[in-house]
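Okay, got some structures for you below.
You will see two complexes here that share chain A, one where it goes with chain B and one where it goes with chain C.
Let's turn to the complex of A and B:
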């Protein structure tokens, strides 16, 4: 059994609510996530990737019960998360933690670092003050901060150090599962490298499972075992990381991978990136929601929404024409190998 | 030919705790029709450098030395008034990260384009409007005849950045300074904007200074690149050479910290320590406290290193000096001593 099972999850928000719009019939529903399903095994990392407005963060927020789902279930160790109450709920809240993008806003500027880290211990455990202090020191050491950081305020620390404090706070209650929502997006690359190394170390040491939400494909590729690609609230493709990056089956995944500027000049130029922009989630296109931007789209695509099909052991894709996408890539690859043989393969 | 020549440029901010030299004796050229990248991490001085070209520095900042020569004029010596009349928006224009902050929300995009065009070019309003429609079409805004009368709020972030680019290029400037122009955008939109900039630079014969923290963006569109660390430009190289044979230990470490250059789940290279406080920069090379290749006393004492030419790369590092680094077998080509004041 997987540690976390998300099944058919949907979350709709009412925009323009209130009495008057209801009477006038101008009330609208925004479908932030639609029929999302995935599983995370213990000790594994699932990457959730997509552009802004894809619904990535909403998924994380439903799992942590910040939002109630409109439809579908989230099961953690087999139990429906949204039906938990009392001590079971408290246990769930200890076991599942979250780290956000911007440590400047997720830490209270008036609390010293030590107090921030000790707060979950105060709420969830019956440790004495001295024991809490000791645990805070341990946690600071775990995330490679100095004991004297305990008495500093957030404004005295750099962005990278603050993100470590967020991670220490998340670790305070010995969680099993951490949702990382863009944890390195606000950081410089050299600082990002340290945080990524730390996250990998912690995962190994404490056997943590991660849901890693990011728009940064390079980071996702580095850290995740499996990747789910979201577009306009739906998962369009899911596969083990290596396979997804080497052999994308969904045209959106392919376009997204082609759009990323590679830190290696002269590489593949982004000639076949994505055209157009993401449509509004208030008014998603009929049929496959990607069809207006898709070069493989046919008439069928504007009518029938493709289901998320399970292809082989672990790959799922929601596209009527994935076989054409794969065939095109095979053609391109054979051309590439052909030309690199001619160029004497000086890679 | 060099379109812009920056020589020994320093920019200093006055702060409550003493002076801070954010840009320290930086020297480089930008050639005709070249896209030149300036890359570095937060606080390295790259935006200050970009702002100094048009003297758009904050109140407490000023150019404290050196020259910026464009088209025979020394921009560093010009008054604000002269710059506003003759250079800004006309010969050199600038785009920033957040297009929402660059456009005025209470004017239509057409009014903002027409204003720029009529100020700098000898055109009446009607002709300017036609030109504005053409420009919007050039940057890929659909139905420009209709959209020209819309306000900024009715466009998406990517479209707004296109409009900002249209305004920046409306007077055919010789140089466009782009400060993190794609940082707030999604990757698919970023790729479109980068393509657009590259295309327009070529068709309008504009040189671009691309200021960014993203080495991927640099690799994608720049011809040459300068790497900044703690106010110094520590390495300048043609793009391929920078990625294939980085010379400065900082550049090497920076490239090694990118996940894409490592295998999956492999440990990433980490640069120890923090960038220095520029109010009290370290003596010698400013990178020496974090450097894993310190090669002599010179690294830690005296002024910053001279600039050496190593097979076409300009690098500020004693590793390429036979007199300091015994392991280096030369040749030693000093192209510039740390000149200027002190």
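Let's turn to the complex of A and C:
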């Protein structure tokens, strides 16, 4: 049994709610996530990747019960998360933590760092004040901060330091599972690497499972065991990280990978990255939601929404023409090897 | 590592803490500092009224009826020979206690309602805020008059009326702050950590919305003084023989030609705390919201 099982999860938001729009019938539903399913095994990291507005963060927020799902279930250790109450809920609150994107707004500006980190301890444990203080120092050390940071206010720390504090707070109750919602996107590149390394060290030390939400494929590749690619609220492809990066089956994944700037000198500048904008979730296209931007699209795609097909035990893809995508890449690869051989020859 | 330590020492020198920053910004505003001084002066003479006042507030002296300002009676006497200076001092005590009591009540109720409405949203928000709209659609003086008519004029009755009449203002300020704060990541992270809702509201949201609310408190204190005085002036406030600044003004208005001091001094006495609260309020607003253009 997997640690976390998300099954058929949907979340619709009512836009333009209220009494008057309801009477006028101008209420609209925004389908933030549609029929999302995945599993995370203990000690594993699942990367959730996609453009802004793909619904990545909503998935995290439903798992942590910030939102109730419209449909579907989230099971943690086999128990339906949204039916928990009382001490079971408190236990869930202890073992599932979240780190947010913007370190500058994810800490109470009027609380000293030490007080922020100690708060979950105060709520969930019966440690004495001195014990809490000791635990806070320990946690600060774990995330490579000094115990003296305890007496500082958030505005006195840098973004990287603040994100370390957020991580320390998340670790305070010995969690099993942490949702990382774009934890490094707001940080400098040099700081990003250090935070990512810290996260990997912590995962090893405390046997943590992560749901890593990011739009940055480089970061995902670095950290994740499995990757789920989201587009307009749906998972369009899911695979082990290595396979996904080497051999994408969905045209959207292919486009995302091609959009990553390649810093190799002389490397061919890819031209088949993504074009166009992500459509509005208020009014998703009929059929496959990616077809208006897809170069493989046929008439079938604008009518039939492709289901998420399971190709083998670990790989899933939602595309009518995934075989064409795969074949296309095989062609490209042989072309590349061919031309590099030629280049070698002329030198 | 060494660079990190360096920047930290810099921080200590450059940023001596939020309170110091606040003090610096506030003390730059000369008018607000003047208001603070004036208020301090008024509070001191009110607290020491027993020692400063030369006469009792209700002692009548028929040998000194309607006397002008003199060494014996710095602000003159009224038609019953009562010392106006003493009555003003004791009148301050009553008007301040009513106003502060009323505004604090409004602050507590309004803030709680506003925070809850902004945090929960949905139908609770609609319900509370439409109620607030109804209360606000009455001019606060008319509302106060109606409420007093219902509960009868008394000192604490007026305080209660002020409390009810001003609750909507605090509720609105608190709600608008609460709505924007509820969307901040740190509030959501508290929910994820299992922090209880009352604790989020009181221990986390309240301290963060306190700044704008303090400004409102100060400005409402100014309005409260005026409303209390107005109610007394209309005869539904503090009942005689208790000294009331508004009532003294009303008593003096018919004989203002013969005894100007009976109207002037209570009038000035009402004006001073209003000026003090308004200037402090403006100063605090500028300090808490530096984005506003300072002239």
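Operating definition for what follows: the second predicted complex is superposed on the first by the 342 of 347 C-alpha atoms of A that agree within 3 Å, B and C clash if a C-alpha of one lies under 4 Å from a C-alpha of the other, contacts with A are read in each partner's own complex, and residues count from 1 in each chain.
Everything below uses one rule, namely that a residue touches a chain if its C-beta (ideal position, glycine included) is under 8 Å from a C-beta of that chain, and two chains touch if they have at least 3 such contacts.
None of these values were measured; they are calculated from a predicted model.
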Between chain B (first) and chain C (second), which, if any, makes contact with A:8: first, second, both or neither?
neither
Applying the touch criterion given at the start, work out whether A:241 contacts chain B, chain C, both or neither, answering first, second, both or neither.
first
So in the superposed three-chain picture, is A:147 touching just chain B, just chain C, both, or none of them (first/second/both/neither)?
neither
Contact-wise, after the overlay, does A:106 reach chain B, chain C, both or neither (first, second, both, neither)?
second
In the overlay, answer first, second, both or neither for which of chain B and chain C A:307 touches.
neither
Where does A:277 make contact in the superposed view: on chain B (first), on chain C (second), on both, or on neither?
first
After superposition on chain A, the chain A residues reached by both chain B and chain C are none
Interface with chain C, chain A side, in the complex: residues 18-19, 61, 64-66, 89-90, 93-94, 96-98, 100-102, 105-111, 119-120, 123-124, 153, 155-156, 166, 169, 173
Name, in rising order, each residue of chain A that touches chain B in their complex.
51-52, 158, 188-194, 196-197, 200, 215, 217-219, 221-223, 241-242, 255-256, 258-267, 269-270, 273-275, 277-278
Please give the residue numbers of chain B that touch chain A in the complex, ascending.
41-42, 156, 158-159, 186-192, 194-195, 213-220, 239-240, 243, 253-255, 257-262, 264-271, 274
Touching chain A in the complex: which residues of chain C?
11, 15, 18, 126, 184-186, 188-196, 199, 204, 207-208
